[in-house]
Amino acid sequence: MQPFKWDAERKMRTGIAEAVYCSGKTVSQIEAILVFHLKQKTAVLLTRLTEATWQQIDSALCEIIDYDAASNTAIYQPNKDKNDTLQQGVLIVAAGTSDMALAQEAARTLNFNGFSAPIISDVGVAGLWRLMDNLEEIRQYALVIAVAGMEGALFSVLAGLIHAPVIALPSAVGYGVSADGQAALQSALASCSPGIVTVNIGNGFGAAVAAIKMMNMQENEQEVSKS
Amino acid sequence: MQPFKWDAERKMRTGIAEAVYCSGKTVSQIEAILVFHLKQKTAVLLTRLTEATWQQIDSALCEIIDYDAASNTAIYQPNKDKNDTLQQGVLIVAAGTSDMALAQEAARTLNFNGFSAPIISDVGVAGLWRLMDNLEEIRQYALVIAVAGMEGALFSVLAGLIHAPVIALPSAVGYGVSADGQAALQSALASCSPGIVTVNIGNGFGAAVAAIKMMNMQENEQEVSKS
Amino acid sequence: MQPFKWDAERKMRTGIAEAVYCSGKTVSQIEAILVFHLKQKTAVLLTRLTEATWQQIDSALCEIIDYDAASNTAIYQPNKDKNDTLQQGVLIVAAGTSDMALAQEAARTLNFNGFSAPIISDVGVAGLWRLMDNLEEIRQYALVIAVAGMEGALFSVLAGLIHAPVIALPSAVGYGVSADGQAALQSALASCSPGIVTVNIGNGFGAAVAAIKMMNMQENEQEVSKS
Amino acid sequence: MQPFKWDAERKMRTGIAEAVYCSGKTVSQIEAILVFHLKQKTAVLLTRLTEATWQQIDSALCEIIDYDAASNTAIYQPNKDKNDTLQQGVLIVAAGTSDMALAQEAARTLNFNGFSAPIISDVGVAGLWRLMDNLEEIRQYALVIAVAGMEGALFSVLAGLIHAPVIALPSAVGYGVSADGQAALQSALASCSPGIVTVNIGNGFGAAVAAIKMMNMQENEQEVSKS
Amino acid sequence: MQPFKWDAERKMRTGIAEAVYCSGKTVSQIEAILVFHLKQKTAVLLTRLTEATWQQIDSALCEIIDYDAASNTAIYQPNKDKNDTLQQGVLIVAAGTSDMALAQEAARTLNFNGFSAPIISDVGVAGLWRLMDNLEEIRQYALVIAVAGMEGALFSVLAGLIHAPVIALPSAVGYGVSADGQAALQSALASCSPGIVTVNIGNGFGAAVAAIKMMNMQENEQEVSKS
Amino acid sequence: MQPFKWDAERKMRTGIAEAVYCSGKTVSQIEAILVFHLKQKTAVLLTRLTEATWQQIDSALCEIIDYDAASNTAIYQPNKDKNDTLQQGVLIVAAGTSDMALAQEAARTLNFNGFSAPIISDVGVAGLWRLMDNLEEIRQYALVIAVAGMEGALFSVLAGLIHAPVIALPSAVGYGVSADGQAALQSALASCSPGIVTVNIGNGFGAAVAAIKMMNMQENEQEVSKS
Amino acid sequence: MQPFKWDAERKMRTGIAEAVYCSGKTVSQIEAILVFHLKQKTAVLLTRLTEATWQQIDSALCEIIDYDAASNTAIYQPNKDKNDTLQQGVLIVAAGTSDMALAQEAARTLNFNGFSAPIISDVGVAGLWRLMDNLEEIRQYALVIAVAGMEGALFSVLAGLIHAPVIALPSAVGYGVSADGQAALQSALASCSPGIVTVNIGNGFGAAVAAIKMMNMQENEQEVSKS
Amino acid sequence: MQPFKWDAERKMRTGIAEAVYCSGKTVSQIEAILVFHLKQKTAVLLTRLTEATWQQIDSALCEIIDYDAASNTAIYQPNKDKNDTLQQGVLIVAAGTSDMALAQEAARTLNFNGFSAPIISDVGVAGLWRLMDNLEEIRQYALVIAVAGMEGALFSVLAGLIHAPVIALPSAVGYGVSADGQAALQSALASCSPGIVTVNIGNGFGAAVAAIKMMNMQENEQEVSKS
């Protein structure tokens, strides 16, 4: 008996395939899920899969799967053609190098779903010129995911400068009052720059999924004729 | 001397005109801003303008301006042609009748910026069929703003059923642990349904602005050719 | 001298035998309690007994006792007849596989006290059909314990669909704002679906005891003739 | 057009009729709901209806409806026969006289649904004999709702003395660290006496609904034959 | 008998004269303090003196005292010569017009102590050009007090652009997660721009006193010859 | 040069000798303090000295010092005569066996200062008879320190039954909402039984010092003749 | 039927007569309690009785009772002889004039129970000499209740200077982070000066009752002969 | 390609060179930054560099760099002449020996930037004489950084006694309510002694940078002639 219920129709229902949240799952639960997909030859994304857990996974499985320790993600994508082009339009902007793991989680999720995800990093507002020097490039994108910890001032400054919606992705970078990412989250929510939306602290996967849903809006849209 | 700095270029910079946040402003500060726009014949939206404050505003000004007590918003839009059609695509979904004031703030902001904003209300998950009965219609929209207080379960259920991105708009409806809207906000952030983004508790204006930025994404998008 | 006071009459007073909460107890304290029961041949349930502690317990004791690492519980039930039938009526519903340890703690407590405790898992509301597919079965039970972490939306949706009382059992599954289970707890408390009651985060034992007390209500009930 | 969606089938689905939560509703919204029920001659319960709001309701409606200022509830029950007997079995226990408003909200909800709801008050644990003197009587009930504010010690003491399940109903009675009822809520959740379940601070209605669902368990129960 | 202990030597000890914190004081306590200073012809500053309280003060006293309703401060300065020049060097920068009351409290405190306190307002980072346009002027000051509510991003941006120390003065401007000024306070504390120091939310008086102590550093400094 | 300032006169000033709080001190700092006292032959009490740190201390020192791993305390008392009688009057009451480490810290502090400190344990209110059975004995003491975690209901029940002042000593025993001892602390503060005073969570040392100060009150008292 | 249960034996059980906590009680409930005591000619203390409520009490009752608006207390003490001397030994020390209402609540409670309660006020540590000037006098008392709001530094400084136990009574004086008295409470709990015990924020009554219990310790003490 | 953006002009812009915050950076990221500076022969300060991370750094780099395990800082300063004199004027005052690591972080930052940073430790207010004995010396400094954990009363007492501004540096020394440094931080913010400014809990680097900016005020100051 299969120990989990795979939501095979989630993609049909919401536009995004189900991913596997590994935190709290046992090694054998994860292996069963991997085997299920290997047999079916269906692609799967695993998130929050720590290196410690990864090293306990059956090595036969590990060889086939693309694991990235920096972002704690693993990808199995059997039918991917390297010549497939990724859809452009989403940019990830990270305040500091400590935010890169989270930026990577978002980027890997975007890539897995067929979207390009370039990252511009080290543009925290303490050195405003670092942001300004990149502004022209940033303005070329339809949508921006901004990753920041500490006080999260980057969200407000960025949203006041560009047309694109800003998805704030607060990270738990900091200490004292910002140790858990709450200060950055509150800055995203309380911003004086309208047009910022936010996801949970550390939710790189969710930020990417929201971005994909926004990028898919045009396709989904249909004629509506109520006032 | 003009007692405030109007950010006339904000629309050019961010795609959205500046609005006036009236909370904490004196009656004379608000009047000065209104006169400024009346003279220039430029449209302006005022938010968080309570009825108590409104009744102290110079009545000559009040006659010209469209004030809505339910949502605490006022609009002056001198050049609006009633035959202008509003852009379709955004839907507002409200969990209960107590969430209607906030839904209205979002709707008025959307209308002011040229977008239609139909509202479907009373679809809280305690009576799931109320949501299910409206699902076919909800699925026709490109983007959904969902308003909910109490435990905010609507956000997760809705996001698991549709393709459109869901902007969660937590309201301070409730008592005990949900008196201030924190429980609803946390449900939006911690949702098991990926693809939800959220704004601050009670921020109907911000939800609408984020929606507009998302609706404008296609126009803004330009060719980008990095991988 | 016995280093603890066994509440032998608790069952008589409250209908439920005392259990041993092992967190914070030393190995020798736990051993003394086990020896006490082995000598008396009285059944005993130990909760929050981690595997690390278990491995330090005298192996002679370990052989006689039924330890379950998944739920951190140990059971000694000397007079149990395998042909004893368990009382039906309680169902455990778990949102995700990460909630299974907690579901198991509740199930083992129910079993120890003579109640059957089937578990239906992986019915989180992100894929509402998973819940709907099981609804007919769920409705056959007199009482439901629902285990969920993250935003805990399962509690509200479930309670709006069934007659049975729902005991919410919030789990500390999640990260960011839901890292400690508070978001799920608040959803249980603030739910728009009336009829939900809740226990502490991670309190699988308490949820089971509450369920047993409810199942025993009829027996206890006596004629009362006040208005 | 009717401005709200009445969940007429909720009783069928969950065993409890929908009630009207008046907090945040306008006077005209409440009037519309009342008229709807008057026309249909269907019974309705309104909660969190403050006296200030009540006094603005059309007096023609007020005459027909049974309003209780102490508990902020209103009841319209057209087909009620005074000779109908109320079902026995539920007892409400209140720690102090300041908890009586909340006890009344629960009692009125129980009465409206056909259950007797006697109240024993002033049994806070500061004077333990007050509880002990009533213990024999309390033990005659199948189910107890306990209302307490401040530190909520009543919940633990009571649950350690009786067979019946205890539904804790924390009240916002107190000041300093207990001003908002959080201390009492946490005592209910963290209790060392197993078998306590809790509802939100101030949720007399919810406590009563949970009690009714528990009292109805026997009727609902059906044969189940899985292990 | 004098009902309070005036700390006449505080100025000698700390460089700053004692001020009167009126919140929580009765009208007669405030009058007694004013009479004490009028008799002695010693200057005094009163803070947190609301207009409601002010209107209950003996009108004979009111005529002599300079009360400012915007900042809730009152000043009695009998020996002040209008030709006295104020010491230059401190600048107050306010994010929005809603922050002006707090900016005024700081400015009045500085003026009372002999310091000039020009205010540049409406330079929130949502419109970064408003700050940039004033940057050359801001850089001319030795010390800057920055007032901001909401997410307080102004503190970080400003501190990254200038040599002067920045004293953050968080204001309770906002709603939802920033209703009480906590989000702005946390941004000041967690800032990625080093060199920011902060005072309590709403403490315009304290920010000014800290500024004065910093401006007086040179005078106080004495030769020290330890390593 | 001695790396710390010993407050040799603290006993004279406050009646209690200084103790050494070891948390956050390095091994060599602790050794230096021990050597200082060994040389002077002055007694010293060390608190919060974990076993891990203790095992790094110079073994020559360890032999002379009385270390207790359960309570993380060490005592050096060179001139103590085993025939010295301890002063009677203080009792320690502990809710459960998990509270014993904290009870021991208080007991060792009392002993070090010349006071007897008997402990009655396992009297949590879940089994009220355990407390009642000991009530006659408890009533013989002038002063009671009560240790409890979880919901801390013991404090209120005990204080309502005895003449002696109750010093609440909240412990971090529990999980979920009581994981950090906050629920027990709030119960002590919000208790409906007047006459309870509390110390910080986990502060066994402070509870003992407060008890000693209270026991010494009579000696210190002097004639005062103001009204 | 008497609508409340008077705990007539509380004095016998705990040494302190029951008092009436008026917050949350209706005018008629309070009147009934007063009449009960007037008839019996038994003394009674009412706390948290606001002036607004007092003015609604039957004026015939008001004439007989000693109401004090500053402390929101009322006293009926029929058999009090003005020549009775109050027991000496307790001192109340208040940081500022804003703390006087709370100091008065404690003083009135002490007086009602036969204890003198002199108050030394305005000794906050911002002007340390104010405390130092009174130190000799403070040292003459057996027991000190210290009232402070804001950061509550007075508790630590005072406890480091005297032999007497210090009962900290945190007041809700302050704004921003100290608006609700939490900062003062935490200072009492986390103090580096051992020997401080604390009561709830604003609990002047409780501080006084604890003081009385401590003053009565000698009388209660009995011979105990265990080691 | 260089994996980070060095803010080489930060010193020019703000007066302080950029430092490297190592928390959350990988070993190779840190090595790259070190190599970058070694090649350029530019001085660099690294903070929050734990000993565990340090031991993984290429030993060739380690030899050249001055690492201090107590404060988790590393310094590379190639052109430093040992005969350079440090600028006097800043003093660091630490409440206890547990605060020394944080005091060291501030001192090393000051030294790196050319400032002397003597430390006076063990002056917590529990033994007020320890502070008083050092008062004359403390008063000789232009500026004081005060480090304290627990209840942070040192900040208020010190600021009430000296002319110099006090920069509060709260440390996470304590347990229970002060485990995370919040109690000390709140004492700094809520202090009754005006003129205290604060930085984040544990931010020794930031306290030092703020101090340097204040010491540089005179140089930066320019003539301003507005009123």
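We call the chains A, B, C, D, E, F, G and H, going by the order they appear; numbering starts again at 1 in every chain.
As a working rule, a contact is a pair of C-beta atoms (placed from the backbone, for glycine too) under 8 Å apart; a residue touches a chain by one contact, two chains touch by 3 or more.
Treat the numbers as computed from the prediction; the structure is a model and nothing was measured.
When the contact pairs of C-F are set against those of A-E, A-C or C-D, over half line up by residue number only for A-C.
Taking the mean of C-alpha positions as each chain's centre, the chain lying farthest from the centre of chain A is G. By the residue-number overlap criterion, the interface of chain A with chain E counts as same, with over half of its numbers used by both chains. Note: centroid distance chain C to chain E, computed from Cα atoms, is 57 Å. Put simply, the C-alpha centre of chain E and that of chain G have 36 angstrom between them. If you average the Cα atoms of chain C and of chain H, the two centres end up 51 Å apart. As a whole-number value, the distance joining the C-alpha centres of chain D and chain F reads 44 Å. For chain G, the set of residues touching two or more other chains reads 10, 13, 96, 126-127, 159-161, 176-178, 185, 189-190, 193-194, 200-201, 203. Here, these are the chain pairs in contact: A-B, A-C, A-E, A-H, B-C, B-D, B-E, C-D, C-F, D-F, D-G, E-G, E-H, F-G, F-H, G-H.
Every residue of chain F that touches chain D in the complex is listed here, in rising order: 95-96, 124-128, 150-153, 155-157, 159-161, 174, 176-178, 182-184, 186-194. On chain F, the positions that touch chain G within their shared complex are 10, 13-16, 19, 86, 88-89, 116, 118, 140-143, 159-165, 167, 185, 189-190, 193-201, 203, 205-206, 209-210, 212-218, 220-227. Residues 3-5, 7, 9-10, 13, 18, 21, 23-25, 29, 48, 170, 172, 180-181, 185, 200-203 of chain G are the ones touching chain D in the complex.
Contact residues of chain B toward chain D in the complex are 96-98, 122-123, 126-127, 129-130, 173, 175-179.
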